[in-house]
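Across the two complexes that follow, chain A remains constant while its partner is chain B and subsequently chain C.
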Partner chain A sequence: MSNVAPAWTALSPALLLGLTGLALLVVDTIRPNARSNTSMALVSALGALASLSVTVWFVVAGTGHADTGGAITLLDGAVKVDTLALFFTAIFASVTALVVVAAHDYFHDHPNPAAFYSLTLFAATGMALLAVANSLAVVFVALEMVSLPSYALVAFLKKNRGSVEAGLKYFLVGALSSAVFLFGISLVYAATGSLIFGEVASAVESLDALAGVAGIGIVMIVGGVAFKTASVPFHFWAPEAYEGAPAPVSAFLSSASKAAGFVVAFRVFTEAFPLGASLAAGIDWALAFAVVAAVTMTLGNFAAAVQEEVKRMLAYSSIGHAGYALIGLAALSTGSAGNEAVMGAAMAHLLVYGFMNTGAFLFVAMAERWGIGRTFEDYAGLARRAPVACTAMAVFMFSLAGLPPFAGFFSKYFLFMGAIENGFLWLAGLGAVNSVVSLYYYSRVVRALFLDDPATPSALDALDVRPTALYAAVVFAAVATVLLLPGFGPVIDAAEAAAAALF
Partner chain B sequence: MILEALIGFTFLAALVVMLAPNAWAGRLAFALSAVPFVGSLYLWSRFDAVGNALTGGTIAFESRYEWVEVGGRTVSWFVGLDGISLPLVVLTTFLVPLAILSAWTPVDSRQSQFYGLMLFMEANLLGVFTALDFFLWFVFWEAVLVPMYFLIGIWGGPRRKYAAIKFFVYTNAASLLMFIGFMSLTFALGDSIGSLALPEITQALADGGLETWFGISPGRMAMVAFLATFAGFAVKVPIVPFHTWLPDAHVEAPTPVSVLLAGVLLKMGTYALLRFNFTMLPDQASALAIPIAAIAVISVVYGAMLALAQKDLKRIVAYSSVSSMGYVILGLVVFTEYGVGGATFQMVAHGLISGLMFMAVGVVYNATHTRMVGDMAGMADRMPVTVGILVAGAFGYMGLPLMAGFAGEFFIFVGAFGAPALPYAPVFTALAMFGIVIVAGYLLSAMQKTLFGPFRLETDYEIGPAPFHDVAPLAVLLAAIIVLGVAPDIFFEMIRDAAMPVVEGVSVDV
Partner chain C sequence: MVPAQWYLLLAAGIFCIGLFGVLTRNDALYFLMSVELMMNAANINFVAFSLYYGDLTGQVFALFVIALAAAEVAIGIGIILVLYRNFGDIDVTVPTEMRW
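On to the complex of A and B.
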């Protein structure tokens, strides 16, 4: 591939997303009155799918893979396209496609939906850039490119107080954590004299007196990652933002944006601060991540168990899942052959999570579209009028809980097995306990949908509206969640290959 | 490929029925469910397995495709049959069409979903009995719970939500315990296994492949794994004191679901005990023979006593299942040809008999809308055929010779009485036999009160004979019970062939 086409074509997944966003803006500027929600959604979905197709094609063709000449670096090594980047770009593009399709029905009566689509695609472009970033400077710029549209997206329903409040909270915490992250980067630069990951790594090996400065910098970078992945201690924006934001935005943030935080974490901490060198310098970030993972999964799951609103429950559950995925970093140990297995499992979990969690939030979007309430009680008996959508929701819930026969079981299983293989029995055990807790609150949704009777007979009349595009997105996510179980082999192979390139 | 076709067809049938209109979902489901039954008969006719699938015997209809690899171990789609699993596959495909037929009268809402879930459950049950890879088996094992949860929770009695959630939580917690126990065992096997295939794990355990893992010595690891899996499966069976979910689930479940719950789902537990605990870890099983036999006898006697105290006909049958499963455990733990073989035979026999009892009680309930012993009397006057079959089934439960229950229990007692692996075997056997007396006591007394004497039941409508499609499955089941009682060898021969390697696997010190 790299022998035939110019190297910059390796960036085409990100470019396609960005160009689609620009194209939407152009149309909206030139003919502001002629815009139609349907054509906007269609163009965005096609852009996201084109990006996804190119990414999948690259993965199949082996672009950036060690067999075909290794990673493709551009711009003096500031950008690097490898299997890891492509794997995550596939997650971002899939989630974006699902979200824009669902948004078509969600924003059906919104006066200016074009802004939504272009903001979403710009954020997705930022994520795709994050995935290929090979320099701390690019990481920061791309991170801001994800964050700024996200703030606007959360506050997109500007006449809705909840949405605006959520946007403001998200913005404040985000600005703070950006500052912390940037300061961390500058400290690392001060200690190592470089921003390119590879050069940072070699400098970390001989830090001597500057180890303390680098150490503080690394801790601050951990903080920035914790914000983006909604992990403790920077998690508290998540329930507010996810609850207040329009549900498709919550889906986008909790699936794609979270995965973007993880791609940064995975790449920065394996390539810029390799565990062996960091330990030699007295910086044990794996321990820090182990503590963060343990606290995050426990807090997320236990807080989710006491929620009364489905959307807020899903928000806390997404914090819990961040804790599971952090095992991918926490359970690393120097020179262990199991490192790529556990990190690959974390990546596969994020992919599966991309479908099941997006699907669950899109079901909430459907409930908001119907105009029924937000609590578990409001969801009572929906299965009688909307059996297909409710079956899909049941699939998401059981899969999030990690029950067979759904893909969520497989990815969690691989994750915990990887942790055990690497000697982190306690993390796997804690994860298993948390999964049991999660079954309680996930099954509450299923119980409400299928077993409970609606509060009033007329409560189900709202369901006569059939939002086709939302249905399509939800059903597609459910089918993917089921089919990823038999089809888990290629996914985990690709994920482990991507992880292997990091060590 | 034939097993894939069988399971795949059942899944497809479930999907088709789920999308069918409610009006003829029942008929469609019955027609489609006949196909797997015919298929299982074909399997039976072409069955050529020798020995036990786990201990190196020839596996019938073996088929294996690699799926994924985790931690250096391949996970495969690996299915096949031996003399222990084939009878259970036949039992499953036989009971499901009959259960679907018995649902025509009581199930009057959301039919397509009901029958779709029944077929979905059947597909997963077939997977449980055919899977020979631990991972694949576990996926099917857990997937059975999901349709069951909905079947109880949506179509059940007044306390259905409580019962469904109790069932779900109990069995899921048990599954997790079992899963953790077994996975630790496979970790401790280290490099001596390259896959999670059950035959390979069995072989590695028999060759002493266990290593020290996280500071746990091989002997202790085997014991911990045995206890964890035993407790996990004991909930499913269920064995006293893990039985409390069962009466709730049975009483609230609609009749056809009870039939499958008692007839097939409980057998998942005993099947797994046989496959995992008694085949893979025979030394631990025989070291714990006395406590296990004691639990078995307690299950027999205590279950029967509980049944004696019940007023609800369905609860009586439910508790007597606890009692009958105690016999199966006793048969397994004695490690003799007739003990293990008889236990497996009893699984099939009890599946048919308890299925018949639940179905017959259901038919009576359809007419009377009560199951309380004191509420009615003299039902024999109004529903002579149903009551006749119910009485015959009850005698089958008590172990009337020439019926399947007699053969199963007789094999177990013969095998248990002089068992060398179990100290004080005659005492345990004698105590367990005492259970039969109690069974006779409560069944005869309940029948006396409800079925015979002058008719008495307050209703504002006339009670007449049950419709044909209610009675037909009862008659078919009764016929099967008698056939199996007269000629137990049609299954027992292959069961014995598969059970012998299990018996030989244990090293008896006595």
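On to the complex of A and C.
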């Protein structure tokens, strides 16, 4: 199976996303009068699905797998396609497909939706490139390729003060953190003389006088990762950006962009700065991540519990979930056999999260499309008029909380078990306490939807509008969340195999 | 040849000047300039250590960074423009529709 196709075809998931985005931009530029929201949405959804199918095909065919010739490296080793990259590309492509379908209804009266679709696809291309990056230079370029379209997407509603404010705050924190990240890369380059992960790793083993420089560089890189994953101390853009942005963009950022931050973190910290070598140089990044994970999940969950607006609650809950996924890095220990299990569980959690969190934000998008308010009270009684969508929302909420019959439970269970096996009982315990807290605010949504009475009898009249595509995206996300129950075995196996390639 | 550690000090100094500007200025355009300073501090490191190690990677990457910084400024100016149209000011502390 290997070496049948030229090596560059291994990049085709990213290429498909990028080419679709470019094609939309070209068509929109040369035929501005012929633009149609439906065909644009259709083309971008097809592009994302094509990318997803190629990725899934690669996974099934074993591209980049150790059995079929190992990882495929391109461009002098700057790019490496392996099972980890394919796993994350599948998450990015699925979320992109859901978001562009939902955007069809959300932007139904927007004058220029083509820009939205191409920006989304460009950001997704950047994410797919991040997943295959094997050099700090590619990481930085791809990270900017994700960030720049994202800033524009958050501020996409140019006449909406909330959207512009959110875009500004996202840009300010993003530009600052990418400068910090870049300076960190430059210090690592100064200390090691290379940007390729493998060469950095072998140089880290023999650092002497420059260990301090490399250490400061690594701390700065942790900062850049914390921004992208919306973790403490670079989390405070997230509630603003997710609340102010159009809801499909919030869904995209909080699921796909966060997963992109994690793929960088997983790869950079296992391949460029392996824990053993870093510890020998006096750089204990696992401890840094343990502190960040603990603070992030506690802050995210407790702040979410006191919110009055559903979208802002989801934003803080998304910070909390970043904390859970960071356990995948925090609970690593040198030479432990449990490393693959805990990192694989974190990856599986990000996949499940990709569906349930996107679905939850798309439900908010539907509420915004209906034009009902943003608070928990405004959601009261919606289940009477939209039972299917509300059932889907209940599935997302219970799965996000990690209740037993849902996929979110399994990924969290594997994650906490992995942490315990690696000797991080306190981290798993803190995660469990946080999950209990999260049940409170997730169930508030379900109670409002199903049990509470609407404020006025006419409050539900807005629901006469039936945004079909949004409905389809929400229902599909719910179906995927439920199907991940029987499908969780293969997912966790694939995730652990992908993680095993890193150690 | 100037010893390599002097370049590290120069770059760290410029980075700190940029960081100081980011933290103390409210004007969005000053913010952009300060971020540019921080990125160029990184570029000094890349170019200096590229020479030190006799390896071209750093110099080429510095060119990439210059291009990316320009792209970032383009997006930034665009956001500052819509900020001005909506709020009538480019002071970054003015927009407070949402609480922090």
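In the analysis below, the second predicted complex is superposed on the first by the 501 of 503 C-alpha atoms of A that agree within 3 Å, B and C clash if a C-alpha of one lies under 4 Å from a C-alpha of the other, contacts with A are read in each partner's own complex, and residues count from 1 in each chain.
As a working rule, a residue touches a chain if its C-beta (ideal position, glycine included) is under 8 Å from a C-beta of that chain, and two chains touch if they have at least 3 such contacts.
This one's a predicted model, so the numbers in the text were calculated from it and none came from an experiment.
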- Task: Could you tell me if A:215 is touching chain B, chain C, both of them or neither one (first, second, both, neither)?
- Result: neither
- Query: After lining up the shared chain so the two structures overlap, which partner does A:451 touch, if you call chain B first and chain C second: first, second, both or neither?
  - Reply: first
- Message: Counting residues of chain A touched by each partner, does chain B or chain C come out ahead?
- Response: C
- Query: Taking the superposition as given, does A:408 touch the first partner, chain B, the second, chain C, both, or neither?
  - Reply: neither
- Task: Figure out whether A:183 sits in contact with chain B (first) or chain C (second), or with both, or with neither.
- Result: second
- Message: Output check: A:387 vs chain B and chain C. Expected answer is one of first, second, both, neither. What do you get?
- Response: first
- Please work out whether A:168 is in contact with chain B alone, chain C alone, both, or neither, and reply first, second, both or neither. second
- Item | Residue ranges of chain C in contact with chain A within the complex | 4, 8, 11, 15, 18, 22, 28, 31-32, 35, 38-39, 41-43, 45-46, 48-49, 52-53, 55, 57-58, 61, 64-65, 68, 71-72, 75-76, 78-80, 82-83, 85-87, 92, 95-98, 100
- Query: Touching chain A in the complex: which residues of chain B?
  - Reply: 66-71, 110, 113, 124, 138-143, 145-146, 150, 153-154, 160-161, 164-165, 168-169, 172-173, 176, 180, 183, 187, 214
- Task: Enumerate the contact residues on chain A facing chain C in the complex.
- Result: 137, 140-141, 144, 148, 151-152, 155, 158-159, 161-162, 164-169, 171-172, 175-176, 178-180, 182-183, 185-187, 189-190, 193-195, 213, 236, 239-240, 243-244, 312
- In their complex, what parts of chain A are in touch with chain B? 338, 341, 384, 387, 398, 403-405, 409-410, 413-414, 417-418, 420-421, 425, 432, 436, 439, 443, 447, 450-452, 485-486, 488-489, 492-493
